[in-house]
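My questions all concern the structure below.
The letters A, B, C, D and E name the chains in turn, as written, and every chain counts its residues from 1.
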Amino acid sequence: MMFKLAALLTRPATKYVFILLALLFPLFAANEYQVYVMSLAFVWAIAVYGLNIITGYCGQLNLAHGGFFAIGAYTLGLLTSDYGWSFWPAFVAALLMTAVLGFITGVISLRLKEHYFAIFTLCVGFIIYMLLDKWEELTHGAIGVRDIAAPYGFGVVDFTDSVPFYYLVLAFLIFSIWFISRLSKSLLGRTFIAIRNGDELAQSLGINLMRNKVLAFVLSTTYAGLAGALYAGMVRFIGPEDANILHTFNLITYLLVGGIGTLFGPLVGTLSIVWLTQSLQFLETYKMILFGPLLVLLVIFFPNGLVGSLLLWMRRKAESMGVAKAPKASRVETSNSATGKEAENNA
Amino acid sequence: MNLFFQQIINGMTLGSIYGLVALGLTLVYGILHIPNFAHGALYMVGAFMTYFLMVDIGAHYWVAMAGSAIIVAIVAVLSERLVFHPLRNSPPIHDKIAAIGILLFLEALVQMIWGADFRRISSPYTGILNFDGLIIPEQRLLIIVGAFVLVAALQLFLRKTMTGATIIAMAQNRDGAFLVGIDANRVAMMTFAISGILAAFAATLYAPINLVYPAMGHVVIMKAFVIIILGGMGSIPGAIVGGMIIGFAEAFGGFYISTSYKDIIAFGLLVVILSIRPQGLFTKGAH
Amino acid sequence: MLKVENLTKMFGGLAAVNDVSVHFEANKINAIIGPNGAGKSTFFNLIAGMHKPTSGRIILDGEDITPLRCDYIAQRGIGRTFQTTNLFETATVLDNLIVGHRLRTQSGLWDVLINSKRLQAEEKECRVKAREALDFVGLSHVENRLIADITQEERKRVAFALALATQPKLLLLDEPAAGVNPEETVGLADLMHKMVANGLTVCLIEHKMDMIMGMADKIMVLDHGEKIAEGTPQEIRENPVVIEAYLGSDEDAAA
Amino acid sequence: MKTLRKLGSAIAVATVSMGMTAGALAEEVNIGFTGPLSGGAALYGENVLSGIKMAAEEVNAAGGIDIDGTNYTVNLIALDDGYSPAQAATNAKRLKKESGVSAVFVPHSGGIFALQDFNEKDDFLIMAYTSVPSVTQKGNELTLRIPPTFDGYVTAFTDYAMKHDGKKLGMGGATHEYAKIWAGMMKKQWTAEGGEVVADNPMDYNKSADFYTGVSRIISEAPDVMFVGGASEPTGLVVQQARQLGFQGSFIVMDQAKLDEVAEVAGGLEMMEGAIGVVPLSVYETKPAQDFIKRYKAKYSKMPGSEAAYNYLAMHALIEAMDKQNTTEAKALRAGVPEALKSMDDSKNPYEVKEVDAGGGFITETTLAVVEDGKIVQKPIE
Amino acid sequence: MLQLKNVDVCYGSFKALNEISMTVNSGELVVLLGANGAGKSSLFNTLSGLNKPTAGDIEFEGKRLNGLRPSAIVDAGIVQCAEGRKLFPQMSVQQNLMLGAYVHRRDKQGNRRRYKEILEMFPILEEKAEQPAGSLSGGQQQMVAIGRAMMSRPRLLMLDEPSLGLAPLIVRQMFQTIQQINSLGTTVLLAEQNAFAALKIASRAYVMENGRLVMEGDREAMLGNEKVREAYIGA
């Protein structure tokens, strides 16, 4: 029964059902607040998809991701509020800015490996945060950026309303997922995965490591920038705290809970955690007392994330039921075994 | 000129604290390959335990410090047993996320018990030494001396005792350690306990000239990570030297360049150094 | 086809490979043997460009490839396998192989975005090459199985296929038969013969002597980073220097 | 025990509020709060919340309020936003849409700005606890600013310090948003009155591990007066370290810090000799203030800060307005609060705020206190 | 003393050890011959508890060893001096040796006595006692490795290719030492590629090929056997 349900979930046609559900969501949402939270969750999900490119597919744990999100948000915010740009040109500029800065950071940082890369990017993230906080002439420092333009709908729709904005974010989200699904199946995506499987192996296959890693990095920061720009257009007030390193940790948590390196993991992870924290709000200060251990348990007992574990369970089940062919969906899914630490001897 | 020496004292104070925190972090990394993001929370718990023992129980400063060290050591060992041990075969990213879970939990727990208020610990050493205009509050001197004593004690423990030697052995050659019959679990617990004790000592030494509050570990832990990368992950002297470099960079950078940007100095330094030497300052060969 | 001239690699003060010169002929199976720590893997890494030699030259079909980065060397036609190959466990065998032909394709990000004709053609081509390679190593029947579900020996063959998909002229195999049961070793040896029959040059490191002696056209023996012998299996088997390196001399035992 | 009780009440509030959405308890009126209850600013959020909570409980203990003949009890729903504007906006949406609140208390300007984006459209009143003047200068019609803006203090403090202490000012304030705006005005005023700013070295009061470097940098320029101030406790550390490093001059203390609390950390009032700041609640000798302090101490067993007191009186005024206007409609409440401030019992109004300006700011008499001979003394504004 | 019955070890689908049955009697010096990759190290690591057998029984002095942790096996009296020595390179020679006595750490006096005995066996190490083990020459390092293993007072000492990478003269000394250790009462199981030298001091030998034991016999029988040669250099 469970298996049939799960099999149904992984069928290609199911995605159209989900798109339909997402389209109809504002109709059966209890109120605008739920639409608002859903939009915010979608924005985060886009950022998580970016993280999935560099960390999930390419195997490099980037801890500056939240910083690039903030750069996207700030670029849009500052251009519209201080320099009088209108939303869409500033939006494009935000994408370009994160791509360019991502390129520079990538070229320097991707020479490092494993923990060194992670901690290096952690520092980059912190520097971004500090610069946003301290470089007052440019960023207004702690005061933050106000009066950010909302996206305009060319006279057709008003994106300052929650529901139209929801559809705008949904459109970007669907585009993001579509692009990643195409990417992950393409030669380029396979190249990234080959790098994750091992630098040496990838090189022996004639893959230019640096070029591909930098490309994956730039793609991921651009996704972060896209999410950040949407975020700025949605909340319309941003401050240096938006670059806080905790946001990066949140993004990683979403990714891990959903299933790292899977196509739908980022979405599932983001939605479940966002709604979980919203429902734990009643605990006020104490919500982390529950959330912290929950996170630990998830990591220990669902190391492949929700989506990853489901797919694995499906495969095992399929085998035990004598279904020779593994479910087709798993073709584009990845496990994280390759990013695993060197087989450690633990007596 | 005095202001210059003043910054030296200040750099040493900061460097001592950073070094102690980084030392625990680097031990855990060097031996167990866990980048323990929850280490800052251990530091924070250490400060609160001292506060609890001094204010609520009425213990003397030194007694409270010892008590705090024991409690934090237990917390650290528990986190190893309950969280990191089950995750020992998982990809490294899982360790990091689990550590963040521990961090969130400990912070919320402390806040639930003591609230978010800024708290103060008063040490018995409130005097100020004045050497011809060079001002050294006793507590700062205590920090510097205390850090020196702790590092020396740790070195003695690691070099001169069998238990200490097993820890170093595990770091230098895991298989070799197994072959002589060293128990991996024991070493793992011991390492976590030591890292907890060092964090508690650092927190208790530093708290009297600072404030105690649930979020106090954030900045310290970030810098500790910078330090262990600078000094080479797993290197004990690297942690001390790295701590001093960051302490001095902050003291002098903050004084002669800009206080606002002094926190960037540490991180900027790391970015520059790693850009030139990807393997850190004190490690030989690439990682 | 591959000429190695006075190749030396120092690590610290130690010569891992010391002044080795050798010539591997095309369409032959060349083997490198030697005791543990003799510098065999380092030698491979030098040829593949993973390490840069301290001195000496490597010439492939008349071109000096010594200064090239390893991905360019792969493009020049040197493919290799590793002792252990990290593959994408939860993807199918075929999916793992498609990337093998990546180095002969051009499409980039823009092609992905617009799903260009070139990308489609190249993906098709990669798929064809992957299938060909899979067919060559005799694994067509496991095309759709997940890597996690195939045997150790099949993994070895997949690793071969991956290297073959790069369309190499020279294939470096690092202990291809390690971790493979004796019965299966024979199959792998056959496969190598088949490679040579199809115009490839094979160069392998191997410890399984019966396998080497039975199949190699030429053997080079390394000991302490130096070439101590070179020749046909028969010559090697009777070479006293080799015997001493392997069995120890009677003189040693006399004590 | 205290904490268990806190957790218990949190869960109780939660269950009640969830019940509320189900419509089970129709005789409650909901009022919202979004502020930092976790993270670095959690203490501040808790303090603000404590005043609001106290007012709500007092009203309920006295039998609630009547709106259109029906008796209601007040239900406070508090959500954590961790100081994040985005989360504040999410919370406000939730409070409005799920619990139908007509007013939301927000104690940080980032959150206030984020909410002002949609509060008129969504029809709820922002009870803004911030001294940033611009929140009531942008024409938002559903915003009430609870504390006084600080421009009055800036002038008064500058006047006093110039006259008594000297012309050279060293700036050593905090770096958070509020402190930045304060410092900006302070600098402007000081130079406008002919003074000289010899050092400008703001420090991160909430995160910094050490102020020694920053303070010594200011002192090296030998100022007569030092501008300090963020949260009270770190301010105390800054003062202490300045004295340890030999600073002899006086301090101008930003209004976020309370002289009495600062002194506790700095090592006694004698460390603060000459410091100029707002009159701390503890020094108010009026009966409403003293009574409030007594009640607050009985309830929370600590000294209330001004954020508790201001929010306490604002909550009372809001509830009073509901009672008087017989409605929970936001516009009516915005109009009704000024009336309520005038008419409500003085015991609910520790600061005796009586008026609201056109933009929606509570008008409070600017006060000034100075530490003289180890005592906090209130001084008339010159 | 040591008995293996049908021991299998699998890595995934690969059988590294296949039905190994062997016996080592008290006081013997048994040599294990075989080419690289034949499974000698796998066997040793299984005996040391670093690998878990997938089938079969390992018994030592009547005690079942299957599934015991490495530390428990050292405690039981089996120690391995592994290929590549596995020293603690930055620790001094003395520390390396003393760590060998880890399982007897409470018996400080006994350890000191043992330490003296080891230094008598390897006088050169006394001079080098304070030097980091990593700075020693290969032969000296091998002495430290053997000394470290002997510090745990084993009844069965397993040596995995002790002559690897050593100069011939040193190798000769090494075998003398091994013989000496054996004659003083420690049972020795020796894996060697230096077949002639090893057989000279052995009482018995096993030949391994592809994870199986293919031959067994005493010294004389083995020395002249063509099969031994084949096992190394191939048919």
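One rule holds in what follows: contacts are C-beta pairs under 8 Å (C-beta built on N, C-alpha and C of every residue); 3 or more make two chains touch, one makes a residue touch a chain.
The shown structure was predicted, so the numbers you read here are calculated from the model rather than taken from an experiment.
Path length between chain C and chain D in the chain contact graph, taken as the least number of steps between touching chains: 2. The busiest chain interface, judged by C-beta pairs in contact, is A-B. With centres taken as mean Cα positions, chain E sits 75 Å from chain D. For this pair, chain B with chain E, the centres built from the Cα atoms lie 42 Å apart. Centroids built from CA atoms put chain C at 47 Å from chain B. Residues of chain C in contact with two or more other chains: none. Shared contact sites, meaning residues of chain B that touch two or more other chains, fall at 107-108, 111-112, 116, 175, 178, 183, 260, 263.
Counting partner chains per residue, chain A shows two or more touched chains at residues 134, 285-288, 337, 345, 347. Every residue of chain E that touches chain C in the complex is listed here, in rising order: 11-16, 35-37, 83, 161, 163-165, 168, 171-172, 175-176, 192-200, 210-211, 229-235.
Contact residues on chain D toward chain B in their complex (touch as defined above): 3, 6-7, 38-40, 42-43, 45-46, 175, 201-204, 207-210, 212-214, 216-217, 220, 231-234, 237, 241, 244-246, 264-265, 267.
By the touch rule above, chain A contacts chain D in their complex via residues 30-34, 36-37, 40, 133-134, 136, 141-144, 146, 160, 162, 231, 234-239, 241-242, 278, 281-288. Chain C makes touch with chain A in their complex at residues 48-50, 70-72, 74-75, 79-80, 82, 85-92, 95, 98-100, 102-103, 105, 107-109, 111-113, 115, 119, 122-123, 126, 144-146, 149, 162-163, 166. Across the complex, chain B meets chain A through its residues 29, 33, 35, 82-83, 86-94, 96-98, 100-109, 111-112, 116, 174-175, 178, 183-185, 222, 225-226, 229, 233, 260-261, 263-264, 267-268, 270-271, 274-275, 278-280, 286-287.
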